[in-house]
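Each of the next two complexes has chain A plus one more chain, namely chain B in the first and chain C in the second.
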Partner chain A sequence: MRIVVGIKWVPNTQAVRFDPKTGTLIRAGVPSIVNPHDFPAIELALRLKDMYGGEVIAVTMAPPSATQGLEHVLGMGVDKGILLTDRKFAGADTLATSYVIAKGIEKISKEIGPVDVAIFGHETIDSSTAHIGAQVASWLGWPYVYYARDAKLVEDGKLRVTRQTEKAVEEYEVNLPAVVATAIKALKPRPVRLSYKLRAKIEKPIIAWNIEDLGLDPRCTGLKGSPTVVANITWMPEVPRKKIVYTPKDPRDAARWILKQLFSDESVAGFLKKALWGEE
Partner chain B sequence: MSSQTPTKFDVVVVGAGPAGASAAYLLAKAGYKVLIVERGRGAGTKELFGGKIYAEPLRTVWPDLDKEAPIHRWVTRERISFVKGERVTTVEFKLGRKVAFTTYLTEMAKWMTNKAVESGAILVDEVRVDEIIVENGRVKGIRSGPDTIEADVVVDAEGVNRILLEKLGLAEKIKPDQVALGVKEVINIGKKAMNERLLLDEGEGLAWFMVGDVTAGIPGGGFMYTMKDTIALGLVLHIGKAYEAAKTGELKHTVPMLLEKLRTHPFFSKIWGDADVLEYGAHMTIEGGLRYMPKKLYMPGLVVVGDAAGLLLNTGYTIRGVDYAVYSGKLAAETIIEALESDGPTEENLRKYEERVRESFMFRELVKHRGIEKVMEDPMFFTKLPAMLNILLAKLYEQDYEEPTVLEALLDSVKESDVSLSKFMLKLFSVVSKL
Partner chain C sequence: MKVNCEKLCPDWPCEQPDEFKDIWVVMETDEHGISEASLQMLTPAKKIQSKKPEEKIVAVLIGYNIKQYAEIPIKHGADKVIVVDDERLKTYYPRVYGQVIVDLAKKYKPAVILVSATMKGREMGPYIANTLRTGITADCTDFDVDEKTGDVLMIRPPFAAIMLAYIKTPFRRPQMGTARPNVFPVPPYDESRTGEIIEEKLETIMDPGMQLVNYVPVKKEEVLIEKAEIIVSVGKGIGSMDGVKLAEKLASLLGGVVAGSRKAVDAGFVDPERQVGQTGKSVKPVLYFAIGISGAAQHMLGVREAGRIVAINIDPEAPIFKQSDYGVVGDYRPILEALIEELQQLKEKGPEAIEELLKE
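And now, the complex of A and B:
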C-alpha cells in the first residue's frame, strides 16, 4: 500500500503575535512546527503501513526550511518526504495549494508508484480552512471521507473508514485510491525513533520538486493562482472583565454566592439551565 | 531498517551542548564516525544560559572563534551592585583587556554542533537516550526506546540533570543543596537605547551582578548581561534554601515574582523599563563543582564531560561553565583518539581523561575555590553585608544638617544590619581566601 500524507510547516501560532497597526502576523523569531492537526493523519498512515506493508510518503508545499518538518515525520517512521517548493508557489490560497499537492500526488503515482490513499489532517492551526483534503480529492477525482478516526482494508480492496460525528459512529467503504482527512486528535501520534531519524539523516530520502518538475502553469500556482482575497481584518474588541473576590468562611456560602452571581446574568443562566436540567 | 543505516559508531555523544559538541567536532575532524544524540529540537534548544563566556579555553578547540562564533559583545565593564530596598551601591570596573564575551548558549551550542556536523558527525535530534548499555563492566552503546546503537566509546554530555549517570551508578541522585535554579528573561531593549543608557560603545558589553535583597534572603544573586540588542536579566537561587524558605513561609514570592521585582526595581528598571520581555526560561545549574563531580569521570567505553562531570566554577561574582565544558570535551576527544589508536577504550586508557582533567586549570580552580559555595550560603554575605553597605552610605549621605563620623556610621550600620563585627572579619578572611 502506498500512502501519501500531507503535512504543513506552520508557525507555532501560540508564539505568534499580531501587529495591531498593520494587522499582519509578526513571524520573526517564531519557530515553525509541523501542523499539530496533521499528526493523526501521519499516525493513521503509519498504522495502515504497519498492517498492510508498503510505504508512507509525506508531502508538503513549503519553503526549503520545511525540510526540518519532513525530517521530524521521517523520524516517526515515514519513508520518504516530498518537498514541493518554488518561489512561484508563494502566497497561495487553498485552491492553488491543493492544485500543487494534487499534481505532486499524480507525479508520485507516475514516478514512484501508484498512490492508494492520501491522508490529510483536519485543518491547519495557522489558517483553519479545512479545505485541502476536499480540494485535493476533487482535483484527483477520488472519493473523500473526512472526520476519520480509523481506517482498514476490507473485501474487494475497499477502504473502510470510521468517522465519528456528534451523534453517531459512521463507517464508509470507498474504492481506492481515496482521500481521507482525520478528525482533530483522532489518533495519538507515535514518538520519534532514533533509528528512523538516523535513517533519515543518512539516506536523506527527501526529494524537492519545483514548478518545472511538476510541469505546472505559473498562472495556477501561488498568489497568481489564488482567487481568495483577504478583504479586511478586524479586531475582536477586548472584553473588559471585572474581578470580584469573595472569601466567606464556609465553602457552602461560596458555592451559593457563585451560583447567585452566575444566575444573575440572563444568558449564563439560560445556558446553565439548559446544560444542567435540559430546560429550554 | 535498511542496510545502509549503521547501528554502530566509533563514538556516540549524548547531548549537543558545548561539551558534547566540542568532543564531537574534534573526533569527527580526526576522521571518526560520530553520532550526536540530542533531546531538543535542534542543537542548543535545551540551553538557557545567556551570559559571559571566557574565550581563551574555547580557542583551544575553535581557533576561529573570534571571527566565526555568534559572539554578541566583548565584556569591557563589570559591575556589582549591592541592593537593600531602593538603596543601591554600585562598583564598576572598566577592563583593560577583552577576555570574555557575551552570548546566548542556544546560539553558541548550535554553532559548535554545526561545525561538528560539517566535519562529518551525524546529529540526531528530538530523541532521548534512555540508557547507557553496559556489558561485562564495559559500556557498549546506548538505548533509545526500542533502538540500540553500539559504540566503542560513549561521551556522556547529558548536562546537569544526569539521569543516565544516575542509572549507571556513577553519580548519586541530585541533592537540593548541590544545585541552583537559574531563571532568565530576555528583554528587547534595542541596541541604541542599550548603548546610550549603559554608556557602551559598539560591540562593548557589560556584565552586571546584583547581590542583596533581590533574592529575598535566598543565597544567590541577580545578573544582567548585554547581548547585541537584547539583555539577559535573571536570578540564580540556591534550590535547597529556597525550598526550605518556601516551606517555612519565609519566602513569600514565587521565583518568577522575584525576577519581576528585580526587573521593575525603581533603580534598575530605568535602563530597561520601557522594553518588552521576549522570553522567560529556567534551568538548573551546579552550585558547588567539586561536590557535584561523579566518583569517576570514566569507565571502559565511557567518558563524562561538561556539567555532568561537575565541571562548573561558581564564585558568586563569576560563573565559568561553558569554557570548562568545551575544554573537558577537548580533553575527552584527545584521550579517546589516543585510546582508539592504541589498544582501545580500556579502563587504563580512559583513566588518562580524568588525569588530564585533574591536571588542568579547571580542577586547580575548583580545588582553590572549594567550599566557596558553603560560605556564600551564609546570609551574612548575600543579604546582611549589602544591607550594611547601603545603611552606611545612607547614614553618610542622607543627612540634612549633620553627618556622623565614618566610624559612627560604620558602627551604627553594623548594628542595624545585624552583622557581628568579629564574625564578619573571620568570615571575610575565609571568603577572600577561597575566592
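And now, the complex of A and C:
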C-alpha cells in the first residue's frame, strides 16, 4: 500500500501568550510542533504499512522551516517526506491549501507510484477547521470518511474503516483510493526511534516541490487562489454578567450566600425549585 | 462587485455574485426528525435576511421519508423549503448527500449556504464548498453583512477566543459558513407561518464509493451536556477524582450533569465529549457552575449562551470572576461539601424553607 499522510507544522498554541494590554499574540519564542491531532493519522498510516507493506509518505504545504516536522515523523517510521513549498502558496485558505496538497498527491501517484489512501488528522490546533480532508477528497474525486478510529483491508481490496459518531459505532467498506481523517485521540502514536532518525539523516528522503514542479497556475494558489479573505479583526464582545464576587467567612457562609443569590434570582430560582421539589 | 474572470483560477467557474440570491440552510435529519442543531442555523439566516430583506430563507431538506418534516423549518422562520425525498438517500454518505446539495446549488444559485457543524456537517460542508469551488468558514460565532459590498461576514474567533476575525467571500458564491451546535438558539415556533414547499426529484445519484456494513447504536444514558439545563463544570483546580465525585453529587441533586475544561479532560477527570469551549462544545444551561476553572477565553467561548454562571475559585485574581454572575473566593472542596449539605436540608424541608433562607 502507498499511504500519504498530511501533516501541519503549527505554533504550539499551549505556549502562545497574550499581551493583556494590547490583546495581541506574543509569538516570539513560541516553538512550532507537528499538529498534535496529526499523530493518530500518522499512527494509522504506519499500522497499515506494518500490516500490508508498502510505504508511508508525509506531505505538508508549508515554508521550508516545516522540514523539521517532516524529520520528526520520519523518526516515527514514515518513509518519505514531501514539502510543498513556494512563496506563491502563502496566504492560502483551506481551498487553496487543499488544492496544492491534492496536486501533490496526484504527482506522487504519477511519479512515485499510485497512492491508495490519504490520511489526515482530526483538525489543526491553530485553526481547527477540519476542512482539508474533505476538500482533498473533493479535488481528487475520492470517497471520504471522517472520524475514523481504525482501518484494515478486506476482500476486494476495500478498506474497512471504523468510526464512532454521536449515536453509533459504524463500519464502512470504502473503495480505494480514498481519503480518511481520524478522530481526536483515535490511536496512540508510537515514539520516535533513533534508528529511523539515523536512517532519515543518511538517506535524506525529503523532497521539496514548488509551484513549477507541480505545474500550477499561480491564480489557483496562495492568497490569489483563496475565495475567503479576512476583512477585519476585532475584540470579542463581552457577555454581560453580574460579576458579583464574595469572599466568605467560612464554607457554610459561602454555601448560603450562593443559595441566597440563586433563589433571589428570578431567572434561575423557579428552575432550582423544580429540580429540588418537582414543582415551580 | 464585478468579478474579472481573467484573474480567477481557471479551475473555478466564473460567475458574478449578483447571479446568486437567497440564504440556504441545510437541514439534517435523524429518526426523530430535523435536528435542533440545523434549526438553530435559521437564527443567523434571519440575521442576514434582516440586513438583506430581498433574500429568502430556504431550508434544504434531503433524505428518505423526510417530506413529513417540511413544514417545520417554515414554522421556525424559513420562507421556502426544497425537499428531496428519495429512497436512495436512506443511508447518509458524505459524497452522495454532498453531491445532491451541490447539484441543487448549481440549479438555484443561492448566495449563502449555512450548515450546522455537527459531525455530518463537518464532514459534508467542506466537501460541498470545495465541489462548488467556493470558500467556507468553519465554526462561526456570528454572521453579519458588509454594508458597503453586501458580502456576508462570517465571524469566528481565530486561534484564540479573545479576538474575532471577519471573513468574507467577495468573488465567489455561494458564501458558506458553519457554526457549532448551540451557538445560536432555535428561532421560536410560529404556527401561523406559511411558505412554499418545492419538491425536487433525483435523476441519477452519485456512487458513494463506500458501503455502510455495520451499525451498532451506542446507548447514552447520561444527558448530553448540550442539552443539560444545569451543568457543574470542573477545571484543573478540581485536582482529583474525589473532587469530581463532589461535583457529580451536586449535579445529581439538581438534576444536572458534569462537564469540564480542556485541562480537566487532559487530566482524565472528564470524558472528551464533555469538554466545554472552543474546541469542545457550546452549552446553554440555565445555570453553569465553574469549579476550579480559571476562565480562559477558549473555555468561556463555550458558555456565552449560559444563563447564569457561578464560579468557585481559590484565586481572587482568577479571570473567571470578571466573566461570571456570582463568584465565591475559596477552596472549592469545603464549599461544595457545605453547598451539598445545605441543598439536601432545603430539599427535606421543602420550598417554604427558602423564605427563611432569604430573610437571613
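The criterion applied here is as follows: the second predicted complex is superposed on the first by the 221 of 280 C-alpha atoms of A that agree within 3 Å, B and C clash if a C-alpha of one lies under 4 Å from a C-alpha of the other, contacts with A are read in each partner's own complex, and residues count from 1 in each chain.
FYI, a residue touches a chain if its C-beta (ideal position, glycine included) is under 8 Å from a C-beta of that chain, and two chains touch if they have at least 3 such contacts.
It should be emphasised that the depicted structure is a prediction, and the values quoted were computed from it without experimental measurement.
Chemist: Per the contact definition in the header, classify A:217: touching chain B only (first), chain C only (second), both, or neither.
Modeler: Only chain C; A:217 stays clear of chain B.
Chemist: A:197 in the overlay: touching chain B, chain C, both, or neither? Say first, second, both or neither.
Modeler: Touch status of A:197: first partner only.
Chemist: After superposition on the shared chain, which partner residues are touched by A:28: those of chain B (first), chain C (second), both, or neither?
Modeler: A:28 sits against neither chain B nor chain C.
Chemist: On chain A, which partner's contacts cover more residues, chain B's or chain C's?
Modeler: It is C that touches the greater number of chain A residues.
Chemist: Go through the superposed model and pick first if A:262 touches only chain B, second if only chain C, both, or neither.
Modeler: second
Chemist: Let me check the overlay on chain A: which residues of chain A are in contact with chain B and also with chain C?
Modeler: Shared contact residues on chain A (touching chain B in one complex, chain C in the other): none at all.
Chemist: Which stretch or stretches of chain A touch chain B in the complex?
Modeler: Listed in rising order, the residues are 29, 31, 68, 72, 75, 191-195, 197-199, 201-203.
Chemist: Over in the complex, which chain B residues touch chain A? Could you list them?
Modeler: 1-2, 4-7, 35, 37, 41-42, 122-127, 144-147, 149, 278
Chemist: Mind pulling up the chain A residues that touch chain C in the complex?
Modeler: Touch list, chain A to chain C: 13, 16, 18, 23, 25, 93-95, 98-99, 123, 125-132, 134-135, 137-139, 142-147, 160, 164-175, 178, 184-185, 217, 219-220, 224-239, 241-248, 251-252, 254-265, 267-268, 271-273, 275-277, 279.
Chemist: Which residues, counting only chain C, touch chain A once they are in their complex?
Modeler: Chain C reaches chain A through residues 7-12, 30, 93-95, 118-119, 122-127, 129-131, 133-139, 146, 151, 153-154, 157-172, 208-218, 229-230, 253-256, 272, 278-279, 286-287, 297, 300-301, 304, 307-310, 312, 316, 321-330, 334-335, 337-339, 341-343, 346-347, 350-351, 354, 357-358, 360.
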